[in-house]
Amino acid sequence: MTDNVLSWMTFFPVAGMVVVLLLPHDRHSLIRWVSALATLPPLLLAIWLYANFDRTSSGLQFVEKAPWIPTYNIQYFIGVDGISISMVLLTALLSFLCIFASWGIDKGVKGYFALFLLLDTGMMGVFVALDFFLFYIFWEVMLLPMYFLIGIWGGPRREYAAIKFFLYTLFGSVLMLLAILALYFASEPHTFDMTQLIAQSGKYGTSALAMWPFDRWGWGFQHVVWMALFIGFAIKIPAFPFHTWLPDAHVEAPTAISVILAGVLLKMGTYGILRINYPMLPAATADLAYYFLGALGTWNIIYGALCAMAQKDLKKLVAYSSVSHMGYVMLGMASFTPQGINGAVLQMFNHGTITGMLFLLVGVIYDRAHHRDIDGFGGLAAIMPVYTGVTAVAFFASMGLPGLSGFISEVLVLLGAWQKYVILSILGASGVILIAGYLLWTIQRVYLGPVNEKYKSLPEINGRELFTLVPLGIIVIILGVYPHAILDLLRSSLDQLNQIVIPHLS
Amino acid sequence: MDIATALFYLVAIITVGSAAVVAFSRNIIYSAFSLMGTFAGVAGIYVFLGADFVAAVQLLIYVGGILVLILFAVMLTHRITDVEITNRAAGRIPALLAIGIFIFLLVQTIRETSWAKAKEILYAPTTARIGDLFLENYLLPFELASLVLLAALIGAVVLSRKELRE
Amino acid sequence: MDQPIQTDYLRWIVLLPLLGAATNGLLGAQLQKRFGKGLISTIAIAPVLGSFLLSVRALFDLVALQPEQRFLIDRLYTWITTGSLNVDVAFWIDPLSAVMILVVTGIGGLIHIYSIGYMHDDNSYWRFFTFLNLFTFAMLLLVTGDNLLLVFVGWEGVGLCSYALIGFWYQDHVNTTAGNKAFIVNRVGDFGFILGIFLIFWTLDHQGHGTVSFREIQKFASLLKNQEIWGGGVATLATLFLFVGATGKSAQIPLYVWLPDAMQGPTPVSALIHAATMVTAGVYMIARLHFLYSMAPLTLEVVAVIGVATALFAATIALTQNDIKRVLAYSTISQLGYMFLGAGVAAYGAAIFHLMTHAFFKACLFLGSGSVIHAMGGEQDMGKMGGLRSAMPYTFWTFAISVLAIAGTPLTGGFFSKDEILWQAFSSAHGSPLLWSLGVVGAGLTAFYMFRQLFLVFFGNSRADHHTQEHLHESPKVMTVPLVILAIGSIAAGWIGLPEVFGGSQFAEWLEPVFGKPHEMAASEGPELLLMICSVAVAAVGFFIAYLMYYRGALAPERFSSLAGGALYRLFYNKYYVDEIYQAIFVRGTLLLARTGAWIDQHIIDFIVDGSAKTTAYISWFNGLFDNYVIDGIVNALANITFWAGGKFRKVQTGNINSYLYVILGAVVLAIIVRLRYSS
Amino acid sequence: MAIGLTHYLVIGAILFSLGLYSVLTRRNAISILMGVELILNSSNINYVAFSHFSSGNVEGQVYAIFVIMLAAAEAAVGLAIVLAIFQIFHTIDVEAAETLKE
C-alpha cells in the first residue's frame, strides 16, 4: 500500500462513493459512517506521508507513473513535493472533518455524501497530478460535484449561487484548457508531462507577438499563456475582480461545503500558479508577477477587508475575509524571496485551517438560530461560553495574533515582500489593522453585549461539533509555536522554485 | 435489371414506405405495425450488404424485442376499444419544409462526396470476425454496454414500481 | 561582548504563568464550580510567585557576575528559519530586563493577591485570573525575549489580554467598545513596530547580517549608519517606525486615546496593565534599542518632544476630570510622557528608573482607588465622595503616600526619578532648557490634580447618599496588605537611584553595562540642586492651589474654569475633542470606504457578471437545457441514480424539445451547406 | 446503374428524415420513440454500408450492434417512463405533461 500511497489517497473516497451508492437511501447513519470510513484512510495515509516525507529533497516524491493514452502522450503521473505536500495534508484533514460537519444533512443524504466523496477525490487529484491532462480532468471532476452540492443542498438562493460559481469557474477552465493545449503544442515532443514542460520552459517564446495589443505591451507567447492560466487560477483564488462568486457561493453552500470551498478550493488557484505558472513560464512570471500577484494581492487584502467590514451576514464576512487573506498568499508569492514564498504556502495551509474553523463556527450558530445576521445576535458568550472560547481562538488566529499560526505566515509574507516592494508590504501590513477592526467589531456584536432574550436557551456546542473544531484549533496553536512542522516540508522545493524564476528578474 | 437489383428496390420500397406510414399515419396502431415492416426491411438491406450477423440481430432485437415493447406500450396506454386513438401531430408544415430542405441537402452531399472505396468487396460470414473484435479491440465498450443494459434494466424496473410513482 | 551564560531556568520565569493560564483557562470553569474560588486563585498566584522567586534568583546570578558579563540566556528552540531569517525562541536577562521582570512579577504578584479580594464576588473569577496570568506571561515574554519578533509576540499578547480584560464585563456595550478601541489603536502602533523590524532586518541583510536578535543587532548596528532609504537615514526611519509602536502601547500622542477608555476594566487590571507594566513596554523597547536611538538624533528629538507634549497635554485634561480612575489614567499618560522625555534625551537609565518608581506609586494609587470604589459600591465620580479618610485609614494613608510620591515631594520615589529626568532634560546633549521648563510646568500640574483628587476623595464632608455612607468599610486584609507594601515601595524605590548630589545612583550603576556610562555631566552640583529646588517649588505651588480650592475652599474652582469664557475648561474637560475628531475621520472614513467597496461588489462587478450570464442565457438555447437541470430541482430523483437520470430525461423532454430539434437541424443544415460550398 | 453505396445512403437519409419528422411533429410520446428508432436504424444502415463499401472490414457492423443495443436500452427505459407518466397524468401527450411540470 505504501508503494502507491498517493493513488490510494486519491481514489479511496471514490471507492467509498460506490459503496455509498449501493446502500439503501434511507439508511442515513450507515451512509454517514461509511463516508467517514472512506475519508479516514486518506487521513491516516496523509499522516504516514507527513512522517515519511523527505524534507531535504526538493524533488518529487512518492511518484507513480504509467502510460495512459499513449497516442497523445498522456500519462497517469502523480507525486508530491514541497509545493503540494501541505495541500495534500490539508485536503485529507478537512475532508475527514467535513464529513462530520455534514452530519446534520437530512435531505438526499445518499446523494450528498456520494458527491462529497467524489469531490474529495477530485481535490486530492488536483494536488497530486503531475500530468497536465490528468490535472485538468481532476480539476473538472472537482467542479461538478461542487456545483450540485451548492445547487441542491444550498440555501434559499442556491440556484443563483451555483450558476454564478459554475459560470465563473467554467470561464476559468476554458482559458486554462486553451493554455494547456498551447503548451502541449509548443513542447517538442508534444507532452502533458509537467516535469518535461518545466524542463523545456526556456523554449516558450518571450519575444513580443506581432498582434495588437500584445505588441504594445511587449507580450510574447509566454505572457499570453501565463495570462490565460492566471485568469483561470485567479478565479479560484479569488482575485479581484473575479471574486464575487465567492461570497454568494459561501452564503448559500452548506457548512461543510463552505469549509471545503474556502479551505481547499481557493488554494487550488495559488497552488496552480506555483505549480504551473512559475516553473513553466518563468520569464513571464518575472515580468508580470508585480502587477498581477503583488499589486493585485495587496489590493485584495485591503479591498477584501473593507468589504468584509460592510457585511451584515456572518458568513459573507468570513467569505470576504478569505478574499483578504488570500491576498497575502499572492503578495508573498510575488516577492521571490524565501520568506515570501514560504510564508505564502504556509499561509495557504493556515488559511485553510483557520477559515475552516470560522465556517464551522458559523455553521454551529446557524444550525441553532437559523440565521446569520450579525446584528441579530448578541451576548452569546454568556449562553455558549465554550463555543465562544473556540471562536475567539479562530478569530484571533485570523487576525494574525502572534502565537497562533496566522501570524507566522503573515509576517513571513510581509517580510518577504518588503525586500522587493516596500510600498506593497506597508499597504499589506495596514490590512492587519482593518482585519482586526472588522473581526473585533463582529465579536462585539455577536458574542458580547447583553444577552439576547430570543436566544437565551440555545444549546451549547455539542461533542460532534467540537470534534470537528478542536483538531483545527490545535493545529493553529501548534503552528504558531512551532511553524517548522510545516515549513520544513516546504523549504527545499520552494527555494528551488525561486531559483527558477529569479534569473529572469530584470 | 437483374433479379438482385429488383429485389433490392423491392426491399428499399418496403422499408421507406412503411417508414413513411410510421411517420405520417394518424393512427398509432398503424404506425406501430408498419414499424415492423421498416425493421424487417432494414434487416433485408443488411443482408444485401453482406452483414448476416447484424441482420439477424436486427430481426431478433428490433422485431422480437423493441417492437413488442412498443406494441405493449401502445396497448397499455390506449384502451383498444376506444374509437379515438390520439396520435396528434402539430406543426406539420414547418416540419415538412425543414425536412424537405434537409433531405435535399443530404442527397446533394451524398452525391457530391467522393466516398472512400474499399479495395475489394467481400461477402464472407462476419459473425466470427465480429466476435473477435468484441473480445479484443472493443472489450471495454462491450463490457460497458452490458453495464448500460443492466442500468437500463434496473431503471425500467424502478420506474414501473408502484410506490415510486406517487 | 562575551558569550552569554546558558541557563535553563529562565524559561520557567516566562512559562509558569502560562501554565497557570492554561490550567485555569481550560479547566477553570469546572474547578471553580467544584472546588471554589480558592483553588482558582491558588493556581493563578503560585506560578507568579514562582516566577518572582526565579527572577530574584536571576538577579542574584547576575550580581555574581562581572558587570560587563551580566547576561543570562536560555535558548529553547529555533522558531522560524527561512532564508536568511533565523529566529530563536530564547529568553535572556541582562540588568535591564532583570529590573523589568522584577517589576512585572513583583508588582504583578501583589496585584494578583489584591484581586482575590477585589474580584471575590464575580462569577467569572476563573476567567479573570486566566487573563491576568496570560498577561503576565505575555509581559514577561516581552521583556525577556531575545529578539524583536519574540518581543513582538509579547507586544501583541499583552494587547490581547488588555483587550480581554478591559471588556471583562462584556455584557456592557461600553466596556467592549473600549476594548475594541484599545486593541485597534494598539494595532496601529504594532503596524509601525513590525515595519520597523522589517526595515532593520533587510538593511542588515543586504550587508550579509540579517538578524532580528538584539545582541546581533547591537553588534552590527554600525552597519546601519549611512544607509539611506527614501532620502532619510535607515536608523532614523526604523526607530521612528518602532516609536509608532511605542506610542500605541504606551499611550502617547497621537495614539493615547485608548487608555482613558481602558479604565472600563476591573481596577486591578488598570493597575497592572494600564499603569504599572504594559504601558511601559514602549519605554522598555526604546531603552532596549537605545543603541539604535542614539544613532538617530532626529528620532530622539521626536521622542522627547512627543513625550513632553503628552506629559503636558494629558495633565491639562486630568485637571478637569471627575472620574477617580480617569484622573489616574490621564496622570499615567502624563507620567509616561516623562519617561519618553527621559528616553528622548538619551537618559535611558532615568527613564527606566522612573518606570520602576512609577510602577509602585501608580499601582498603589490604582489599587487604592479600587479600594475606594469597592467601598462606595461601584461609584467612581469624585463629586460623590469625600471624607473617606476616617472610614478607610489604610487606603487613605497608602493613597496619600503615593500622591506625595507622584507629586514629586522630596525624598519620595517619584521625586528622585522625576528629577533625574528633568535634570537630564536640561543638561544632556539632546536636552534643552525649554524641555526642562515644560517638564516642570507639567510637574506643577501633576501636583495640583493629584492633591485635588486626594482632597476630593478623602477630605471634607461626604457627598455620597445615605445608603452608601452606611456601607462604607475598609477593604479586607488581602487588599490592604498589597497597598501597604506598594506604599512602602513608593518611598523606598527612590533611594536606590539617588542623584549625583546626594551620592550618585546605584540604579544607574546597575544599568551601566546596558546603556554604557552616563555621559559625564559637568559635575556641576550647583545647577542640579538649583533646578531641583525650582521643580519642587513649582510642585508646591500646585499643591497650594489644590489645597486652597478643595481643602480650604478659599479659592473657587470657577475662577479658573471660567477663564477665557470657559472655553479652555471645556476644551480640557472634553479632552480636546480628540475622540470626536478621530471618530469622524478614521472610523467614519473607514466605514465609508467599506460600504463603497461592498457597493462596488454588488452593483458593478456583479452587474457585469449577472449581465453576461443573462446575455449568455438569452443567446444560447442550450442554456435552457442547463436551467432545466438546475431550476427544476432534481432533488427527489437522487433517491436512485437511475431514477434520477430518468427524471431529468423526462423534464428535458417536456421542455421545448422542438425548439432544440429545430436548432440542431438548422445547425446541421448550415454545416452541410458550408461543407458543400467550400469543400468542392 | 449498379446498386452502390449511394443507394444505401439515400435510403438512410430518407429514413432519417422520416424519423426526424416524427419526432418533430408527434405529440404522442410513443410515436416520438418510434421516430427515434427510425433515426437509429438509418444511422445503422450508414454504418453497415460504409463498412461494406468503404472500409472493407467489419468494424462498422460492430458499431451498428452497439447502436442496436443502445436502442434496446433506450426503448426499455423510455417506454417505462411513458408508462409512468401515463399512470400519473393519464395521458402521454408530451405537451400536457409539460404543463404539470413541478
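Letters A, B, C and D mark the chains as written, and numbering starts fresh at 1 in each.
Assume contacts are C-beta pairs under 8 Å (C-beta built on N, C-alpha and C of every residue); 3 or more make two chains touch, one makes a residue touch a chain.
The structure displayed is predicted, hence computed values, not measured ones.
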Item to check | Subassemblies held together by touching, chain C left out | outcome: A | B, D
Item to check | Far-end chain from chain C, centres as C-alpha averages | outcome: B
Next on the checklist: Comparing the two chain pairs, does B-C have more C-beta contacts than A-C, or is it the other way round?
Outcome noted: A-C
Item to check | For chain A paired with chain C, centre-to-centre distance based on mean C-alpha positions, whole Å | outcome: 35
Checklist entry - From the C-alpha centre of chain A to that of chain B, how far is it in Å? => result 52
Checklist outcome for this item: In whole angstrom, the CA-centroid distance of chain A from chain D equals 47
Checklist entry - Just how far, in Å, is the C-alpha centre of chain C from the one of chain B? => result 86
Checklist outcome for this item: Shared-interface residues of chain C (touching two or more other chains) are 633, 639-640, 646, 658, 662, 665
Checklist entry - Which chain A residues reach two or more other chains? => result none
Checklist entry - By residue number and range, which residues of chain D touch two or more other chains? => result 20, 24, 77, 80-81
Checklist entry - Using the touch rule from the top of the page, what pairs of chains touch, sorted by label? => result A-C, B-C, B-D, C-D
Item to check | Residues of chain C touching chain A in the complex | outcome: 25, 29, 77-85, 149, 152-157, 160, 163, 167, 170-173, 176-177, 179-180, 183-184, 187-188, 190-191, 194-195, 197-199, 201-202, 205, 229, 590-591, 593-598, 601, 605-606, 609-610, 612-613, 616, 630-631, 633-635, 638-641, 644
Item to check | List of chain C residues in touch with chain B within their complex | outcome: 639-640, 642-643, 645-646, 658, 662, 665, 668-669, 672-673, 675-676, 680
Item to check | Contact footprint of chain C on chain A as seen in their complex | outcome: 21, 25, 107-108, 110-111, 151-152, 159, 162-164, 167-168, 241, 243-245, 247, 303, 306-311, 337-339, 342-343, 379, 381-382, 385, 389, 396, 401-403, 407-408, 411-412, 414-415, 418-419, 422, 425-426, 429-430, 432-434, 436-438, 440-441, 444, 447-451, 482-484, 487, 491, 495
Next on the checklist: For the complex, give me every residue of chain B touching chain D.
Outcome noted: 4-5, 8, 12, 15-16, 19-20, 22-23, 28, 31-32, 35, 38-39, 42, 45-46, 48-51, 53-54, 57-58, 61-62, 65-66, 69-70, 72-74, 76-77, 86-92, 95-96, 98-99, 102-103, 106-107, 110-111, 115-122, 126, 129-130, 133-134, 138, 141, 145, 148-149, 151-153, 155-157, 159-160, 165
Next on the checklist: If we count contacts the way the header does, which residues on chain B are in touch with chain C in the complex?
Outcome noted: 91, 94, 98, 101-102, 105-106, 108-109, 112, 151, 154-155, 158-159, 164
